[in-house]
Amino acid sequence: MTSRLLVSALLLVACSLALASDPSPLQDFCVADRDSKGTYGCQCYTREWRGLQADDFLFRGLHLMGNTTNDVGSNVTAVNVAQLPGLNTLGISMARIDFAPWGLNAPHTHPRATEILTVIEGSLLVGFVTSNPENRLITKRLQKGDVFVFPEGLIHFQQNAGNGYALAIAALSIQNPGTITIANALFGSNPDIACDVLAKAFQVDIKVVQQIQSKF
Amino acid sequence: MTSRLLVSALLLVACSLALASDPSPLQDFCVADRDSKGTYGCQCYTREWRGLQADDFLFRGLHLMGNTTNDVGSNVTAVNVAQLPGLNTLGISMARIDFAPWGLNAPHTHPRATEILTVIEGSLLVGFVTSNPENRLITKRLQKGDVFVFPEGLIHFQQNAGNGYALAIAALSIQNPGTITIANALFGSNPDIACDVLAKAFQVDIKVVQQIQSKF
Amino acid sequence: MTSRLLVSALLLVACSLALASDPSPLQDFCVADRDSKGTYGCQCYTREWRGLQADDFLFRGLHLMGNTTNDVGSNVTAVNVAQLPGLNTLGISMARIDFAPWGLNAPHTHPRATEILTVIEGSLLVGFVTSNPENRLITKRLQKGDVFVFPEGLIHFQQNAGNGYALAIAALSIQNPGTITIANALFGSNPDIACDVLAKAFQVDIKVVQQIQSKF
Amino acid sequence: MTSRLLVSALLLVACSLALASDPSPLQDFCVADRDSKGTYGCQCYTREWRGLQADDFLFRGLHLMGNTTNDVGSNVTAVNVAQLPGLNTLGISMARIDFAPWGLNAPHTHPRATEILTVIEGSLLVGFVTSNPENRLITKRLQKGDVFVFPEGLIHFQQNAGNGYALAIAALSIQNPGTITIANALFGSNPDIACDVLAKAFQVDIKVVQQIQSKF
Amino acid sequence: MTSRLLVSALLLVACSLALASDPSPLQDFCVADRDSKGTYGCQCYTREWRGLQADDFLFRGLHLMGNTTNDVGSNVTAVNVAQLPGLNTLGISMARIDFAPWGLNAPHTHPRATEILTVIEGSLLVGFVTSNPENRLITKRLQKGDVFVFPEGLIHFQQNAGNGYALAIAALSIQNPGTITIANALFGSNPDIACDVLAKAFQVDIKVVQQIQSKF
Amino acid sequence: MTSRLLVSALLLVACSLALASDPSPLQDFCVADRDSKGTYGCQCYTREWRGLQADDFLFRGLHLMGNTTNDVGSNVTAVNVAQLPGLNTLGISMARIDFAPWGLNAPHTHPRATEILTVIEGSLLVGFVTSNPENRLITKRLQKGDVFVFPEGLIHFQQNAGNGYALAIAALSIQNPGTITIANALFGSNPDIACDVLAKAFQVDIKVVQQIQSKF
């Protein structure tokens, strides 16, 4: 019983360590542990520890449409190291993005990754904004078969530009890219950012800030 | 004359190349060109080309208070490779941040850098927000002598938490960290992001979006 | 005229330099030159040089089926920095792989990249082999919607495991991953590798080597 | 007893983690554990844990000739992190290659490293093949005192070009470069790659494939 | 009791591993453990293990003057991952350097970091020496507000160039830059470097070496 | 004539850029220019520019004994990117070190590289010193066939521990590691470091400093 607790505690230590390392691999691969629920499957196994399995390098179900019945009408199905443990240390991940008609993948950043995206079905209006002081919006209407790049760390968005369904497949340049949806991070953080900070930043009345915060 | 044009054109090519390289140095240093106005001083000289000077590694004036009479009441004096050419390839830069009473360095990200900051004078309320899905606000009231870290790519802000003047010195983990002030990038981009994208992202009326856009 | 030659020569110098740099970006982006035919579009432009265009970040036509009427019955449509100049320094690229019935993407390595692949249509038998001394074959039959990883530098292959057409979308962890098709590199190099080297390596008669070489 | 098992299990976890990290050192050094048999000596000790010893940075016996009585007539004595634990995180390793008369170090790749080699004794015919689509063979006959480079991830080989004994010392650009001997990985994997895959890849009859497989 | 020992042993394993990883972050942050005395607070916790606290990203007291009553008349207050656990994996650290009148921060190197420094008070004579064969001394007298760069791995020093007190704030390009004070490393190592080595290196009599060693 | 000057000027720009980039390769290789005397052969050519030659990857003469008739009785023959242009971007280099009886390769650091060394002939006393505050000397007497590691950036030395000749082959973890011979950098810099700085650092009389400086 004590041992069991001990193992659990130490696996958690190990877990945090695994996620701290850099994606440049030092061996053929370093599979993370799919079974450690709640800790994003993070222990790293070499082939010495247990029999390696092809399933360690497999994720199933990217053909399944995500549920877009939400406020923005889009859904991201991520395939990163948490879902596909064989990605550990290998510097890449994937995602599927579904869009209801006019659905929006709201402005967000990936703090540690560039994104490349191709449209499988439908038409998307996409854009990213360059950093200060220019804040240029680079925007394009994409058709089926178009490929577009969103550089590392820049704010970007994708919107279904049509009445039909739209689908994109994206890849990201690290095993765990992270996502910061701007509106959620600013107006839906836990706890709230002080109203006066947001009011001054966006140059609006505090009541507008409170109104937006109430939605998140 | 043709030659002169040619040289200019090629220096611009060279310039873009210099900035494309990684900060891991391959020689003692690689000084960028301070004199190429408008291109951020980016050509890289080896010691073979011209006499190396101590001034290549020097920036003067970080003791001078920045002008904080603006909408947010703060001012950032950056010392990166554009101002200090000797920083080229060396993976670090610095900044001074001045705050009028209650002044705000509005929520922003550095897409390629972690920031470490120490309070030289006054008191600051600082915070950063973790990525999805938690969006936890990590916040602290800093006093003189406090040092705080803002991890790479995360949204963060600093606010003068007092009626006096405040001053901080910050360092960033790359020669050209970039800054994305969220409100400016979203509501003041050039051209504008479509109103309906922002309205859906922030779940507000289009009129509110237009009102905010008019301020930027 | 001399100047024109000079410019061409120097653009080639610049070109080679651009491709020598590391993918860690030092600015928002660093677009390569789409127009320099034969040199893989490699000059890098900053925003100071010319107007930035959304098309710099765009590739069109990944929905078009590749021509699979060849010896192995497969076709790779690559979207790397040569086809999509905005990828320069950003550490990622994409590809579409078409398979005729029972078509094979023959055993190959990417010397500088991990590959992640998802099956859009059909069914694929995929595998990779671990390094010495174990040389374990990790293999899986993939269905539509499956995602699989091929770790950096390891030999891998994909085969259409059915009578229908098959399609996969892949992403790679660098802007210019390179491909080494093993059979072509060993038996179809220019000039040929000496017969006795290959005969000893594969432990076959020199006649067998010559027979294979005649096919490539 | 339970504790002992527990310790073993956890050392294995730790071990796998150590090998997952990148070679950029974060401290003076990080010695791996020489004593953990079968797991490639992978735990990493700081100086706080035990007394540091000069032997942690020492490997003995590179002057000893390797046994070249095998099918190819060559032998590689590797000195990487498994043999020299002090190399952990430091980004380099070494090897000695012995050649019987006309002996061959058969075509192989190092998936994570460039190799530099100098001939100590004898004469070697060496070569590497560039990636697709050119697959150019770069080849040279080396004499005593020659130094040659084999770029990261490319297929290369060395053959004793004389009736005498030959010896080379090589260094590789990472602590654990890995080796993929092409013939072994393709025709001697465990389990076998399907015959039809290899037959189509090399454009030979399935019987030829089976014949080669039987040798490995 | 056994369990307690076991936990301690394993935390030390974990500790050494945490410090072995590269500063490129794979998640928002990876806080090290402030409480593990003697091991520089090195375990890495993810947010799953315990409640994250703002104090993990905070160091207090950089406004306090260091004690400069020592042989060289200077004092460095370092704020690296040992003092500020939130810096773990984030690639930056900070320091305060106090100088008594004419005090000297003696010639030293940081084996893994570039240093950027700004003078807060007083005037400093600073310099660094380039590598062989030129060994050029790049030197400058700095005033309040000056910023200067000391490239990675080069020998450098700072001296208070006045009768008053002087103060500088420095930042370094890694979480644990390390410092090698040349005189101490050469003449005060434990055990001593053999006298004849130092005598030949500095081309002085052995008695001079012994005299210097006796001071350290 | 003007064009010729122009080309020269621009090749020098290009040259400085090539050396500024990181060793992670973005293509199979990137050969530097062997012919640009005085600029360390630094332009980078892709295969598009000119016919690639095996000689680009070759250095001849490492079997030749260096001249050890100098003050310290040792000689280093370096093979880095200046001597072997094909090493450009590939992250490794090599050296031969000759020792007269009791000859010394005086204490030095490589600011950007780890060194691994094997003794080909004779016997060497080697050592390195860890960073502050411990400054532990790790030392070993090496015999023929011994391999030893000197971690990145640490001060180290090798001394012939016998009356015969000694020879070592070393490899370094970057294409241009740089060397800082401590005594030369401190007492033989150009211009001199101020006497009082060195006197205070080494805690000796200024006359001793001047005496040492006169030797360099």
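We call the chains A, B, C, D, E and F, going by the order they appear; numbering starts again at 1 in every chain.
Assume contacts are C-beta pairs under 8 Å (C-beta built on N, C-alpha and C of every residue); 3 or more make two chains touch, one makes a residue touch a chain.
This structure is a prediction, so every number in the text was calculated from the model and none was measured.
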item	value
Of all other chains, the one whose Cα centre sits farthest from chain B	D
Recurring contact interface, reference D-F, options A-B, A-C or E-F [over half identical by residue number]	A-C
Chain B and chain D, separation of their C-alpha mean positions in angstrom	44
Length of the line joining the C-alpha centres of chain C and chain F, rounded to whole Å	37
Where chain C and chain D are represented by their mean Cα positions, the distance between them in whole Å	25
Multi-partner residues of chain E (at least 2 other chains)	3, 6, 10, 14, 17, 21-25, 28, 111-112, 131, 134, 136, 139, 152, 154, 178
Contact set on chain F toward chain D in their complex	25, 28-29, 47, 52, 54-55, 57-64, 79, 84, 86-87, 90-94, 114-116, 118-120, 130-131, 134, 136, 138-140, 142-152, 154, 169, 171-173
Residue ranges of chain B touching chain A (in the complex, touch as defined)	71-73, 104, 106-112, 125, 127, 129, 131-132, 134-137, 139, 152-155, 157, 159, 178-194, 197-198, 200-204, 208, 211-212, 215-216
